[in-house]
Each structure stands twice: as C-alpha cells, then as structure tokens.
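What follows is a pair of complexes built around chain A, which joins chain B in one and chain C in the other.
Up next, the complex of A and B:
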C-alpha cells in the first residue's frame, strides 16, 4: 500500500506522434524534422491542401474500426499493467474529437457502421472495452486543454485518497470534421505554421497524437505541481488583447517556480496574436526562461497536446537536451524564444502550458525528483 | 479491495435549478427563455446553451466559483448542422459544437471569466464521475450544471439524447443558511450505475436517494 502522505508523482508517461514514441519524437525534433505534409482537408473528397501530420500509413478518410485504434493499442502496450478502471485505479480519457471522424463518415455515406466508434460516450466505451479496462472511466473534453484537466482530476483523486493510482489517456486523431472546421476559421490554410515568429499572416498545422500518464502517490521520478487554470470567457476563438488571460493562468505557476531555473514549453500553434500574447506573458512571468513550441513540426494535436508534449518534455529532461522551436524563418516574437535546441542540465523545472477555445488556459510546473 | 472503505466526502446543496421541458420544440424553448438573456444575445445560442445557461445564470456564477459541466452528447443540434454544412463547413457551427459550448455561450455573453471549468461527458457512471469531480474541486463553491438536448438524425443512430433537460446545483463545503440538502459519496461494497438523465430526475423531483452509483461507491442525497 502506498504511503498516504506521499506526493502525487508521474510514474509513467508516453506518447505517439507521426515520428513514433516519445524518444523517437524527441530525436526527430532535435534534428529539426517536420512531420507536417500538405493533405486535402476532405480526404478523398478533396478540398484545399493544408499542413497535417498523420500517423504513418493513416489516411484522413474514416474506416471501421478506425485506423487509429491500432495506435491506441500500441500506446496501451507501454502503459504499466494495472487493474485500470477499477475503484482504486480510475481512468480519465481526455480529448476534443474522440471518434468525430466517424460522425462525418456516417453523415457523408449513410453507412451506420461508422456510428460504433463515434460520439464521446460511444467512442470511449469502445476504447474501454478494447483495452480491457473496468468501468471507472471518466471522460473530459475541454478542447485543447483537455489533457491538462485530466491530469488535474487524476491528481485530485489521488491527493484526496480516493485512489492510489490513476491513468490519464488522451488522444485526438484528425478527420475532415476537424480539418474542415479549422479551415473554415481560416487559421488552417496552405501556409505551414511558424510558431513564435513574426510574419504577415498566421497559420496552424494539425497533427495526430495520443499520450498517457500514470499518476501515483509516491511512485515516480516526476512531479506536476501548481496545476493552474483560467478561462477568459472573452470570445470563442480569441483572447483578450491585453494578455491578461495568459497572465492570470501563469501567476500561480510563477510563484511556485520562484527560485528555480525553468524553461517554458508553450502552446505555440502558429497564430499571430495568441503567439505574441503567450510570449509576452511567459517572458514577464519567467524572465530569462527559454520558450519553445513544437507544433511547427508535430502540428497541433488538439485535446491531446498537453500530454503528448508532457511526454516530450520529460524525454527532453531525461536526454539533457530540449528541442528548439521548429517551423518557419524570420524574427522571433521575443528574445526568449529558443529557435535552436539547448542543453537543459542546469535547469530544474519545466513550465508546460496549453490554451483552447473560449480563452481557456492551463499550465503546470514539471520537476524531476 | 478494502483500502478505501472509510472514505466519505460530503457537500451541502445550497441551491438547485432544474428545467424539464418535455417535448418542447427548440423554437418554443427559445421563446420561453430569451427574456432571461440580453436582447440579441440568444440569436446564436443553442437550445442546450439557452437551457444550461439559464439554469447556471440563476446561481450567479462568479470568477472564484468552479464550474463542472456534465453532458454526454452536448451540442447535438449544432453538431448535426455543422456536419450538414459540408463541403462548405460553417465556422460558427464548428465553434458552437465543441463540448463545453453551452457554458461558454452564457459566460462569454456575460464576459465573465472563471478560473475552473471542468466539462465532462459520460455513460452509465456519469452521476458518480460528475459529482466526484465537483467534490474534489477546492473552490469554496462549485456549480455543477449539465443537461442534454434531443437530437434528430444523430438520435436515429443512438448518438444523441432522447430527452432535453438542464440543471444547475450549487455545492459548498460549509453549510449556509437556506441549504436545501446534502450529498455524500461513500465507499461501499457492491456495484451500481446512475446515468445523467436518471440523476437529473432525482434532482428534479428532490428524491431522497441512497444507492450504489458505481462499483464500490454509494451516493446519498438528503433533502432538508
């Protein structure tokens, strides 16, 4: 039995991106590789070609069962064995899209078989059955901060001694539904993303991604502390122009990080205003901290980005080197933006931040030991 | 598994708003509820946004409150319309179709920031998961709200709710004057389930409730 007074730690963490697992992804990022390729937003139905990073061999067109189920099975193979979904070991599944590609295919083709992996509860129940979990599987969906919320709930369940361990699984796989939506918003276009770079117009890329974290009382080498949230509720798709939403979320993390030397893993999708606001807030909250963002290579993995990028951050600390900000050319939005990789042995913390629709912000401090 | 057998967590129910419109059409719901929102604010609001927003507004959410939002299928009608808008997808329907949209429709309309918003979906254990999330929040007051809207073609595939309903309940750690009741989660032997619609009925009818709602967990609701 775990020590009930022990802090909550990350006992295991991993991810899958088009480059492979966390180690392979970290290596590719250090090399400056870009997983984004031009892909038509409606798959076989055509449409504009926009930057997307799909898992190798995967098409944007839906299948039954979905092709991404194999990726989830592979990821599951690296999750430590446990009686997941039992009363003492709850699971938190997080994401923004779940099987929404199935809904798109259902509507376009009329083929009812696409219904079986679509919609949040239906998709999660199929994943639960596929992975052999028990019934205690919560579903969290708050767009692109979903993974952060799953980590927060898992931390609280353990902190309040309702469980000894908890598993957070987060995944989002692209489909014409989400590609079409972001294309309609005009931020997904023919341009490739250049996060934290000054340019004439903004652009994002989208990516397939999935990740997990096992949180435990007392076991593990990593702590997540000061998990902070803030919801601006200013506009569905933009932030307050004074950057106060970013600042409000980072304030408690900055207080917790005082006395530490940290680097900042930002959200950095490639949109201009949000990028500038994020860089400004990060530079004020963490003076001198290098700022990096990896969505210029991986694309935005949406609801899973918080946990996918957590796994890469952990791998970076393990390896002693942090990949720089990938994508584009030209002047950085701030002097702290790290465009090149750097040795991180002299740092003793990583601030991990994500943002979402509705001006939602989430951040935490990751420390080793 | 006996490790957690002594666990009990409790919150006080300070206020409750429920809306059970039966077979009311979306147009009728809009007509009924629009007077609760500023003129012009309801034009792009969904049925679920109007209903959840109205229930939540009654509790006057503030920035220090935590909001837990529970809906299995959320914006079914916006989702259906967005899918029908292809191959020229609507940006408005895309942003409206995201899971926490109902709460955001109210709060963005009010320009009212909130630190914590926890949007959940769920299945047979949804009442347990939503209440557990609410009870675990350290905020002095947690507003647990939720609901569903009846789908159309998604319902034909079992991918939307059959019922339309909404609720909002104010939960506090300290009992204040005028409290309506209290709710507890306790470790227990055995197993049970309680989905969102069934839990809504318990709240709406203010039923005294003491049953297993998940493997190893019992929920008790005592109305004063």
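Up next, the complex of A and C:
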C-alpha cells in the first residue's frame, strides 16, 4: 500500500518519435538530425509538399486499422505492467486529433471500415481493448496542451487519494485532414520550421508522436511541480499581442522555481508571433535560463507534444546533456535561445511549456529527486 | 468607373464572410481588412484566402504573405494581378 502522504512522482515515462524511443530521439537531437521531410499534404492524392516527420514506413494515407496502432503497441511494451484501467490505476488518454483522419477517410471514400476509427471515443475504445485495459479510461483533449491536462488530472486523482497510480497515454498521428487544416492556415507551408529564429515568414512542421507517463504516489525519481494551465480566451488562432497569456501561465512556475537554476524547454513551433511572445515571457520569468525547442526536428506532435518532450527532457537530464534548438540557426528572437547542446549537470530543474490554439498555455517544473 | 477586379473582390468579401450589414461598395480600398472597420479576424482571413485561391488561381505561401496580401482591398488587387491567372481576372 502506497504512503498516502507521499508526493506524486513520475515513475516511468517514454515516447516514440520517427527517431525511435526517448533515448534514440535524444541522441538524434544531440546530433542535430532533422526528422522532417517534404511530404505531399494529401498523401497519395498529392498536393503541396510540406515538412512532416512520419514514423518510419508509415504513409500519410489512412488505413484500417490505422498504421499507428503498431506504434501504440510498441510503446505499450515499455509501459510498466499493471492493472491499468482499474479504479486504483486509471488511464488518461490524451490527444488532439486522433480519429479525425478516419472520419475524413470515411467521408471521402464511403468505406465503412473507417467508422470504428473515426472518433475519439471509438479510437480510444479500440486502443483500450487492444492493450487489455479495464474500463476506467478517460479521454482528455484540449488541442496542443492535451498531454499537460492529462498529467494534471492524473496528479489530482492521486493527490485526492482516488488512485495510487495513473497512466497518461498521449498520441497524435498525422493525416491529410490534420495537415490540410494547418496548411489552410498557411503556417504549414513549403518552408522548414526555424523555431525562435528571426526571419520574414514563419513555418511549422508536423510530426507523429506518442508518449506515456506513469504517475505514482511516492514512487519514481522525478517530480512535476506547479503544473500551470492558463487560457487567455483571446482568439482561436492568436494570442494577446502583449504576451500576457504566456506570462500568466509562467508566473506560478517561476515562483516555484525560485532559487533553482533551470533550463526552459519551450513550445517553439516556428511561428513568428508566438515564438517571439514565448521567448519574451520566458526570459522575463526565468532570467538567464537557456531556452530550447525541438520541433524544428521532430515537428509539432500536437496534443502529444507535452509528454513526448517531457520524455526527451527526462532523457536529457539522465544523460547530462540538453539538445539545442534544431533549425534555429541565425539571429535568435532572444539572447537566451540555445542553438547548441549544453551540459546540464549544474541545473536543478527544467521548465517544460506548451501552447495551443485558443490561447491555451501550459507549463510545469520538472525536477529530479 | 470602378475597377472590375476591385469591385469583384469587395463582392467576394461580403459573400464569403456573409457580411449582412455591409454593401460591397461601402468597403474602402485602403482601409485595413484585418483589424479595421470590418472587424475581420484570422478565421475570416482563412476563409477568404481559400476562396481567393480557388477563384483566381493564386497561391499564398505563408501566413505572413497572407497578411500582406490582405492588408486592404487595393493591396489584394495588386497581389492578384501580379500572381493570379490572367484568364480568371474580371474584365
């Protein structure tokens, strides 16, 4: 029986990216490798080529069952065994778009086999059955801060003594529908992303990604302190131009990090306005903290990015070296943006931040021990 | 006499964005489209860009280019004359 007074910790965490698991991804990022490749936005139906990072061997086109199920199965192999989905060990499945690719394929082709993979609940139910979990599975979706929200809810059920452990599984795999949406907004275009770099026009890349975190009362080497969520409720696709939304989210994390030497793992998709606002807010909240972003290599893994990048941050601390900002070479948006990798042994915390459509912001302080 | 392209653009803006209280002729040529008197926002811009790309065969490469093209009706007309399919321009 776990000690009910013990703090909530991360007992296990992992991810899958086009480079492989968290260790392989960390190694590739240290080498400055880029997983993004030009991919036709409509898959076999063509369209403009835009930067996307797909899992090896996977095409953008939808299939039934989806090709990404194999990746989830692979990731499941590294999740500690347990009675997941039972009342004492609930599961939070988070993502921003899973299912929508199947829905689009169903509409386009009329093939009824897509129906069972065409919505968040049906997708989750299929994954639940595939992995042998019990029924205590919740779905959390809030655009690109979905994973952060799942982590917070998992923390709360443990803190409130409703569970001893909780599993947060987060995944988002690309499809023509999702890519087409970002392309219509013109932020996904022919250019490769250059997070935090000053240039004339912005661009993002998109990436396949999945990750998990097992939260536990008292077990584990990592703590997530001060999980902060703030929604500025300003506009669907833009932030307040004064950066106050970013600042509000980071304020409590900065207070929790006072006295610590931290580095900042930012969201950094490659859009200009949000990048500048994020760097400004981070430099004010965490003076001197190096800022890194990895989406210039991995692309934006959307709703899963919070956990995918948490797993890489943990791997960075374990290995003692933090990968720099990939794709950002050139004049940076702030003096704290770290383009090169750096030794992190003298730091005692990592601030991990993500942002989302709708002016949603999320951040937490990750500490070892 | 009004420039046919400018007139067509104003009509498209009203139609695409369903601006019920605005007559095309009331839209000034040089007033900012986004954040101006029409109160258009980025979602409106998205809808407009999709329609303009279809109608005039233009390609807008990035959100920054979209913002420049949509600065006002006159700028939009210049952009379409420069980049659009000449056979699709109104005469």
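General remarks:
In the analysis below, the second predicted complex is superposed on the first by the 368 of 369 C-alpha atoms of A that agree within 3 Å, B and C clash if a C-alpha of one lies under 4 Å from a C-alpha of the other, contacts with A are read in each partner's own complex, and residues count from 1 in each chain.
Throughout what follows, a residue touches a chain if its C-beta (ideal position, glycine included) is under 8 Å from a C-beta of that chain, and two chains touch if they have at least 3 such contacts.
Being a predicted model, the structure only gives us computed values, none of them experimental.
Within the superposed three-chain model, A:49 lies out of touch with both chain B and chain C [touch as defined at top]. Once the two complexes are laid over each other on the shared chain, residue contacts for A:118 go to chain B alone; chain C is not touched. A simple residue count on chain A separates chain B from chain C, and the partner touching more is B. With both structures placed on the common chain, the touch criterion links A:237 to chain B and to chain C.
Contacts of A:272 after superposition on the shared chain: chain C is touched, whereas chain B is not. Of the two partner chains, chain B is the only one touched by A:162; chain C is not. In the superposed pair of complexes, A:70 makes contact with neither chain B nor chain C.
Contacts of A:184 after superposition on the shared chain: both chain B and chain C are touched.
Residue contacts after overlaying the shared chain place A:245 against chain B, while chain C stays out of touching range. The intersection of chain A residues touching chain B with those touching chain C, taken from the two complexes, comprises 184-186, 235-237.
Against chain A, the residues of chain B that register as touching in their complex are 1, 3-4, 7, 9, 72-74, 79, 82-84, 86-91, 94-96, 98-100, 104, 107-108, 110-125, 129, 132-133, 136-137, 153-154, 157-160, 214-217.
If you check the complex, the residues on chain C that touch chain A are 41-43, 46, 49-50, 60-66. Note for the complex: chain A touches chain B at residues 1, 42, 45, 47, 86-88, 96, 103-104, 106-108, 112, 115, 118-122, 124-125, 134-143, 149, 153, 156-157, 160-164, 176-177, 180-186, 229-237, 245, 248, 357-360. If you check the complex, the residues on chain A that touch chain C are 184-187, 189-191, 200-203, 235-238, 271-272.
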